[in-house]
Amino acid sequence: METSIWRALLYLVGIMAFAGLNAAYLGWCERKGAARIQRRIGPCEAGYAGLLQPLADGLKLMSKQLLVPDGVDGIIFRVAPVLAMIPAITSMVVIPFSENIGARAMELSVLLLFALASISMIAILLGGWASGNKYAVISAARSVSQNLAYEIPMLITVITVVLISGSLNLREIAIDQQGGFWHWNIFRLENGHFLTMWISFIIFFICSVAETNRAPFDMAEAESELVAGFMTEYGSMGFGLFMMGEYLNIVVGACLTATLFLGGWDCPFGKTPGVWWFLIKIYILIFTFIWIRWTYPRTQIYRLLNLSWKILIPFSLINLLITAALIKVF
Amino acid sequence: MNMLEKTQAALAELFPQAEAGEGATEAAARQPGVLRTDPARHGSHLDVLCGPDQVVAVARIMDREGYFLEAVSGVDWLEKQQLEIIYDYNRLGGEHCRVMVRTQVPRSEAVVPTVSAVFPAADWHERETYDFYGVHFQDHPNLIRILLPEDADFHPLLKDFTP
Amino acid sequence: MTVPIHLRHDETFVLNLGPQHPATHGVLRVKLTMDGEYIVKAEPVLGYIHRMHEKLAEAGTFAQFMPNTARMDYLHALAFNHGWALVVEKAAGIEVPERAEYIRVITVELNRIASHLLWWAAFLLDLGGFTPLLYAFDDREKVIDLLERVTGSRLTYCYMRFGGVYNDIDDEFIAGTRDFIKRLRGRMPSLYHDLVTHNIILIKRIKDIGIITPEQCRRYGATGPVARGSGINYDVRKNEPYSVYPEFDFDVPVFDECDSMARYMVRMHEMEQSLRIIEQALDKLPDGPVMGKAPKVLKPEAGYYYSAVETARGSLGHRLICDGGKNPYKLKLRSPTFSNLSLYGEVAEGMLLADALAFMGSLDLVIPEIDR
Amino acid sequence: MSGYWSDIFTGGKSLLVGLTITAREFFKPVVTEQYPYEVPTMTPLFRGHIELIGNEETGAPNCVVCGMCQRACPSLCISLDGKKNEGGKGKVLTSYVLDFTKCSLCGSCVESCNFNALRFSKEYNLASFDKNDFIMDLLKRLEDQNQCKH
């Protein structure tokens, strides 16, 4: 009994530390990455190569007054940023970092992740609504319709993965893909799944960009239209929590993509699997998120819904059918 | 018949009593009518002086001939106690021809009918002239301050205005 | 995009876009009556940066107004310099040496490229693309460095004089300009067109958005790239030639689609045409003085004068009225975006908020020029 | 329907092309100038605020207090004063104050000067918290410059 308490504590601290570090330093990575793409050098004053910048930003945000403007719904206004952060951290619980590292391997972990992901949508809705700002309300409405539209193709593609692996447990799904990249769901040779799974992967990736409200799908905080969207009225750590929540959602999205499609902690050459492979994969994915954001202009809300309903959903449904047929045939 | 002559003929119909004259613009004390000016010197081909009541009729003709309204400007002739409104018409492409239409109203009772019903471009330009000179444009749909604050109570481009 | 829903005028709310808003690039305020995200009525409110330049013109001498001209359209300041110099030269009958005319054309066209580059950057920023902004600024910086070499300032130039220009250009400037032409031509296809113009997101975003009919252009007096994007072949440089423009071989890009994409393409092609003009001007550049004979105190004959120039945003007119004195009696500035913006209300009706902002970006507004 | 497929393929291709371009730029060197670690050199014609030119030998200002610059200035930011030159002809400058808060750097004053007494300085580091820092005594500035020279 005693060991399990230590284990729980260790994981609690570990996950919090992982989440906190990521939330802080992804901001730095984003700024550095953007700067390099734009041929600038980015943060460089605070510490070596600006490495202390997240710390300085955090201190600044924390030392500011948590301003609650007149006429807002006080409780909801305060709760929303916390609500954006909590599900993102909680999601880390079920993510298997390697065969032995993972806080909890639940049977329905995929479902749990999606349930938690929709809570962060509610956080945006509440934050925007409680602000009582017209821009924030428009942003909240946009964000909800966007997340609804993108959860459907995302779930359908996840079903294809679940069909192949026969499990809703992320750990089981990852174990199912061990033994080199030809076993990964995206390239899976077995039953000819590679024919359709790369499309599923692309759909899933696009959806996770949209789900995390990242450019080019950042309709909710489209700064040139809606000022700062749902965050317009937030300052200090309320704003900081929203930002951290956004980055954590990216981490969760990358973890999920790596686990579902890229073999989790598996080595591409079938040797020495381990947590480092998992980390390499998720950071490559995260870099792709950043890379995409600093390449494209923003799309328009109805184009975004068109993309989901007219392209992603039909394609994911067809993919699902073909995958199911392949499993049945072979 | 080129554009200039055609426009001149169309405009001259508004002024039956005036004789068609040629030459440079004389001092402002001239009779209503159409006058040719040297575009290289003055920038406009025709100089039309009309009464305030003819402004809309001129605008209709210009609209029919395919002109666009470039600008509306006011001038305050303090010595003559007159305000002058200048409408610059120009052509969008094709043969270039700029027509300057002027009308003069007494300073004490500066009322001119609006041409914004013919050219929506006049809407803002007339508001600006109202703003700066206090010229009242009759039947203007929305004659409020445009560049100055809405609570301003002065017309700064009048020559006797001192801040 | 046609209006897909029936606008309900009884359930509207008012959204104040500005005076401080990231998309208005300055202090323009648009009072939007909205039905959800659809615009029922858009009403621009001007004057937040009004400085009464016309009164300032009356207060000083002709030469003293020159620095003010650059403060209106700070992106294409040299064209405003040029316009003011032209109208006064017309009124006072001042001759300009040929070399000065060539230098004017070179600098004005360089400035036009800088202006279009900044428009491109800001437009992409409106559409949420941040990276192209920095690429455009990289190129724009080169232009500004070149202009700084000859004019002494980086943004609000006061370079033209009645009868010439303030300073002669040197060989280093000429070599630098040739380098810049090569550089921009080299970067244009990949960094501008492959990255942005052919990008599906951008095309979907601005194609068929903000349709301005040629008739609307005429009724509202829209000029410049806005008119040329609506199929109107009107460019002051061609229609009412001034300076030495008739000596150059260049095209006026005209697009018939009437949408934001057409206006975008017009400006992209105009940059190429400006490069052509500069190239020819550098080849033909005559020797001689850069300042003609001009009296120290100008007293133009009484009369009405009008002169138009083509700025990056359209036809800029100076209506100058002289009474024979040392000061202008009256100066009316016909700024192009003032007229271009006036059609915003009519066109933006029924648009989505995001589209309306993309449309506003495609008009290329410079607020100090509207407010004067 | 053809538009649907071509949108997916050409659109997808354009997105990939965009990514390769930004990736290529990612590995190119930085183009920005790291002020204040790297200081730009001003071009010879750079227009800073104006300053007085001193005589090569004596260091006294070339200015003869004719007031042309004052009259040429559109923003009335120059105020100067002089007194009668004792023992010589003409006037001697006693004060020359530039109100740089109003100056628009048009250069009318420099152009109007017939005595080679004014020029543009090359100073561009002109930030301050105090408005009074921009009311510049140019005569004092010239004296300081003379002192530095010796």
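To keep things simple, chains are lettered A, B, C and D as they appear, and every chain counts its residues starting from 1.
The working rule: contacts are C-beta pairs under 8 Å (C-beta built on N, C-alpha and C of every residue); 3 or more make two chains touch, one makes a residue touch a chain.
Keep in mind the model is a prediction, meaning the values are calculated, not measured.
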**Q.** Labels of chains that are neighbours to chain B and to chain D
**A.** C
Q) Busiest chain-chain interface by contact pairs, anyone? A) B-C
Q: Could you work out which chain's C-alpha centre is the most distant one from the centre of chain A?
A: B
Q) chain A to chain D: how many Å between their CA centres? A) 50
Q) Where the CA atoms of chain A average out and where those of chain B average out, how many Å apart are those spots? A) 63
Q. Distance-wise, how many Å sit between the C-alpha centres of chain B and chain C, to the nearest whole number?
A. 25
Q: Identify all positions of chain C at which a residue touches two or more other chains, and write them in rising order.
A: 131, 135, 138, 195-196, 199, 201
(Q) If I count partner chains per residue in chain A, which residues reach a count of at least 2? (A) 37-40, 294-296
Q) At which residue positions does chain D touch at least two other chains? A) 15, 18, 21-22, 25, 31
**Q.** Every chain pair meeting the contact rule
**A.** A-C, A-D, B-C, C-D
Q) chain C touches which residues of chain D in the complex? A) 7, 10-12, 14-15, 17-18, 21-22, 25, 31, 43, 45-47, 72-74, 104-108, 111, 120
Q.
With touch defined as at the start, can you tell me which chain A residues reach chain D in the complex?
A. 33, 36-41, 44, 291-292, 294-296, 310-311
Q) Which residues, counting only chain A, touch chain C once they are in their complex? A) 34, 37-40, 134-135, 138, 141-142, 215-216, 218, 222-225, 227, 294-303
Q. In the complex of these two chains, what residues of chain C are touching chain D?
A. 60, 63-68, 71, 131, 135, 138, 148-153, 156, 158, 166-167, 190-191, 194-196, 198-201
Q: Within their complex, state which residues of chain C touch chain B.
A: 46-47, 50, 52, 54-55, 58, 87, 90, 217-221, 223, 227, 232-234, 239-240, 302-308, 315, 317, 319, 321, 329-330, 332, 334, 338-339, 342-343, 346, 371-372
